[in-house]
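All chains are identified by letter, namely A, B, C and D, in their written order; residue positions are counted from 1 within each chain.
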Amino acid sequence: MIFASDNTGPVHPKIMAAVMAANDGYAMPYGNDDVTRAARDAVRALFEAPDAAVEFVATGSVANALALACLAKPWDGVFCHRIAHVEEDECGAPDFYSGAKTILIDGADAKFSPEALEAAIQQCLARGVHGAQPGPVTITNVTERGTVYTLPEIRALVEVARAHGLPVHLDGARFANACAALGCSPAEMTWKAGVDAVSFGGTKNGCMGVEAVILFDPAKGRELELRRKRGGHLFSKHRYLSAQMAAYVADDLWLEMAQAANARTAQLVQGLARVDGARVCHPAAGNLAFIDLPRAAHARAFAAGAQYYLFGGTVEDGAPEAPLRCRIVCDWAKPAEDVERLLAAWAG
Amino acid sequence: MIFASDNTGPVHPKIMAAVMAANDGYAMPYGNDDVTRAARDAVRALFEAPDAAVEFVATGSVANALALACLAKPWDGVFCHRIAHVEEDECGAPDFYSGAKTILIDGADAKFSPEALEAAIQQCLARGVHGAQPGPVTITNVTERGTVYTLPEIRALVEVARAHGLPVHLDGARFANACAALGCSPAEMTWKAGVDAVSFGGTKNGCMGVEAVILFDPAKGRELELRRKRGGHLFSKHRYLSAQMAAYVADDLWLEMAQAANARTAQLVQGLARVDGARVCHPAAGNLAFIDLPRAAHARAFAAGAQYYLFGGTVEDGAPEAPLRCRIVCDWAKPAEDVERLLAAWAG
Amino acid sequence: MIFASDNTGPVHPKIMAAVMAANDGYAMPYGNDDVTRAARDAVRALFEAPDAAVEFVATGSVANALALACLAKPWDGVFCHRIAHVEEDECGAPDFYSGAKTILIDGADAKFSPEALEAAIQQCLARGVHGAQPGPVTITNVTERGTVYTLPEIRALVEVARAHGLPVHLDGARFANACAALGCSPAEMTWKAGVDAVSFGGTKNGCMGVEAVILFDPAKGRELELRRKRGGHLFSKHRYLSAQMAAYVADDLWLEMAQAANARTAQLVQGLARVDGARVCHPAAGNLAFIDLPRAAHARAFAAGAQYYLFGGTVEDGAPEAPLRCRIVCDWAKPAEDVERLLAAWAG
Amino acid sequence: MIFASDNTGPVHPKIMAAVMAANDGYAMPYGNDDVTRAARDAVRALFEAPDAAVEFVATGSVANALALACLAKPWDGVFCHRIAHVEEDECGAPDFYSGAKTILIDGADAKFSPEALEAAIQQCLARGVHGAQPGPVTITNVTERGTVYTLPEIRALVEVARAHGLPVHLDGARFANACAALGCSPAEMTWKAGVDAVSFGGTKNGCMGVEAVILFDPAKGRELELRRKRGGHLFSKHRYLSAQMAAYVADDLWLEMAQAANARTAQLVQGLARVDGARVCHPAAGNLAFIDLPRAAHARAFAAGAQYYLFGGTVEDGAPEAPLRCRIVCDWAKPAEDVERLLAAWAG
């Protein structure tokens, strides 16, 4: 009953098989191999972007950092939500790679509005040469609170950015879960909505460790390659990285796994009706759910072997009846029975 | 007959098996898993350094960059050989991570002498606050030309560095091949000789993509962790990275593979007696050989399907009899027959 | 009637005279001259810190950037107020020099509380290796809103920082005005209160362009020198920079000028009793005052030739009677008559 | 008899007078003042470049660093002479500002040839993504050894750079002395020869501390402004910086001072005929001379109170008759009598 994170789960057998299959004799290094060429083209096909610059890296942090570094100037501000992964969970990697500094925007459910973005940009402009200059806008879908930006919401944010000539990046660590939730195509959620760059995540969704950095402007391709190399992220035995991505996008495996993870999360949220005092804190559209529960319910779950994160307290402290917030994450491999057992433990 | 590089070869079956075995259910991310803990301890045991700071990364470039960043100040010079990998082949990654700049030292066979190091340090000191300050010294074993620093040679360089209070880093992309060539222990080639930090390579020697950064001063451990994370190199599903290293150091697999690669290279060098006009350019102690051959010999080899790099020309240009330099690299999986076939093609 | 900023005013004649006097024949460059040695010692004497590392630079932005770079690690967060100069008005210079990223703390009157600082530190600690690490705390006195931290307030903030082993920096662009307001000594406002580093400003307070970076830990001196040089801030004809600082601290000129500027500001605030609808927005203890006034009052002042900044609107827009906020800054040279004329214009 | 450097001399009275004159009442800060606007236009007029981006800074190191940062990408190599000031005397400032790394080119008399430049570029290109990419070329006139690139030599280097699409920067710390030596106009030595950016030095040639960064592509102007601000080099009381440059370029004062310095140096070189065992080591075309002299001659000069730098030894060490190299620098204010006294002391 491990619900701590979607990076605690196993790799999908098809991904493992692809890595094994790649281990066949000799191949040219640094991405000059057939497996890599094919994987790049497969990602381009999936995004309906035949000319896009596509490179593979092993972590989501560097995918975001490289994409933003290709969009930002060192003196820019990068507009993001106050609790964005690029701000809170990457130990400054985007700042390190780009030289730019984050400018934080507030908003409910880990989303910010076009009005809030416009206000942040205006504040930047008001400082002239003395402050950070308006730079790229980065949004996350699925967000850090498990909510999802709809296509109209994305287009509205892009419109504000475009009006100021600012590029837009999408942190897609859980891109597949957002696509599954919205029932849209990767192209619809990105370039068709005006997004310029994407971190297309595979690691959290059943891969071993692979993310695709996608820049829809092919002219940025060389810069992306060089920034990746300079960051020490160009794999020499590149085929093993590419093989994961190739299998991930083949036969909609990426979508299938995300749908499974979302389904388990929906099952959990629906089941909460059976748990006294349970409250969902943010609309759970993807594979994350934030739930307030009585401490006693948490205590029962932990006693039953459940693993997940609590926020703002522990089951021991505080008034036993005061609710305590937890984050529940389901990955592609989560069995429905585990969800039922967790619900049962909570219900007591 | 691919002799282009040791990163073109396949991954050893035992390494692949270990990665598969790691794919068992759920595990905590970011290195907080049993596989990683065991792999770290195995590396410490191999180096007889129970307290050393040990972290795993996926490329040799970042292993060097992180190790040097932990040893250098941003205003330092990093002393290295003119053709060192950190200077020529990492697109400035060490400069990017450390802020320091390389100071190049000449020397035959890709090695530099204690006298040359002392002279370079003196030149730095002479500039006072105006120039880069004397910083870490980094040497490579096996070197970029396939030669090997002996233990006395390493100790002599360390002595010069220590006299000026400078730390020493060892780029061990081919660490195993050097150990095999010298018949010494990892400890003897590193901390017992006064080396402070090592990039212990696995990728070129039969792994998929893993290097261990080893800092013998445990107090540097936290900085190493944070620099790795900030560079986007902390793997979330860390167990698959660690599993490679665990299998690599188990049962001397690392040494066994290096011995095989070195043996093939020795076989090639010995066989050159049968090739008219062949000349070994640098003492080939590891798994690289640089050889001058008549253009006609190269032409025959390529016609027979051999793959390797030429320097300073092509078989077509120049006088047909003028010799042309090539680099031959053998990896763990290279069959003896391939070496024989290459020799035969050269001999004509 | 220019009240736009304290950097619009003239240089004090004594400062100019000192610069002229320094132009006498030949002197060694890069600070190896008698004028510089004397100025450094004079600053040390003023701060009762005979061993402090003291270097001179020409701008307040680089004084802050260098001081913070000497206190922060590249992966640190720098705790500052949301509207601190280091965050809003230096185009990222502190981030550029230190590699660290700012962490913003809210608080009324441009000041933050020990509780708010503790909360910000705890939030950092909660993220472990994934977020920026707790780093230096920087406070500004006089603040960006013209308020002043009292000595007990400074000591309370230092106590929180010290409890977590964090150093404290004081942005003293208006240090003299704060000293004059508090009636305390430079030592009392800094190292005696536990402050580790200070940007001691001269430029805004009657100098041509000079600030002293003071690190009370002498062991940091060499790093400061090297960071200054690497930033291109080491003057070759250093004596002309030092001469300003020497004259500034001689015969309490620094204090005398600050007292004059503060007095003019106090005169203005007291005079507001005569202006209908005038309201002071923040306690004006130094040489800045933020005042809400009817648009009509501003219109009369501008018509009379007054120059100062408005916030959130112009005299033309909005309801004529709706008040509009302005910032009034007095420097050492501001005549009392100008203040009276401004008050008269406002009063109408 | 101080011949140590051209930054040990006094500021020209006309420059001092201009700084005094600028100290008149109130003026807008950060370069938004009439003195600055006039000085910028005067520099544009001098260079016959009405649209050029021109900004003022206080040190030559940052002038070079900013100019190169505007021309280079972070992953570039900057081609310079092995002993260029940007490599040896700026503590890595250009690397810090640009992120790029220097690539050193050898050549006699501190100059490098078009062939050597072409070879260095080819070596870069050969490494593909693995090495630093070919970036800006920077040359110095007057060079570090007192020699001067002729206009044809500059054009030949530019031709090589242009053939590879690389921009060219001119380090003009002694720009005026080179112009005086060549008898050419500033435009002829720069944009008319294909140079893209210039550090136009004033500090070594009679100013207090001011250099103009000139980018002939006006589109680069905003980037230059922002990089300067981010480096902490935007002066608030900017008029005092601008006043120096205004006086420097008025009435050919810049040229007049350089001609005086060059004349004194020529006088010294001609006088060497009277000194037994004296040998000029590099053609002395500007205001620097490198001379080999018997140790006894140096001893007599120092005894007579002369100050200058020796290279590779001291008057005490070595065989008394073995010659020792010295660097003699004359500035605008150097009296002819001092030169005669130095020659007399050497001649004995």
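One rule holds for everything that comes next: a contact is a pair of C-beta atoms (placed from the backbone, for glycine too) under 8 Å apart; a residue touches a chain by one contact, two chains touch by 3 or more.
Chain-to-protein mapping (UniProt): A, B, C, D = Low specificity L-threonine aldolase.
Model, not experiment: these values are computed from the prediction.
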| item | value |
| --- | --- |
| Contact-richer chain pair [B-D vs B-C] | B-D |
| Distance-maximising chain from subunit D - centres being C-alpha averages | A |
| Centroid distance [mean C-alpha coordinates] between subunit C and subunit B, Å | 51 |
| Interchain centroid distance [CA atoms averaged], subunit A/subunit B, Å | 35 |
| Rounded Å distance between subunit B and subunit D, as computed from the means of their C-alpha atoms | 42 |
| Multi-chain contact sites of subunit A, meaning residues that touch two or more partners | 74-75, 90-92, 96, 99, 129-130, 133, 226, 229-230, 234 |
| Arrangement of touching chains [line / ring / star / complete / other] | complete |
| Complex contact set, residues of subunit B against subunit A | 2, 4-5, 7-11, 16, 19-20, 23-29, 57-63, 65-66, 90-93, 96-97, 203-204, 208-209, 226, 229-237, 240-241 |
| Complex interface listing, subunit B residues touching subunit D | 74-75, 88-92, 95-96, 99-102, 104, 127, 129-133 |
| Touch list for subunit C against partner subunit B, complex | 30, 73-75, 99, 129-130, 133, 223, 225-227, 229-230, 234 |
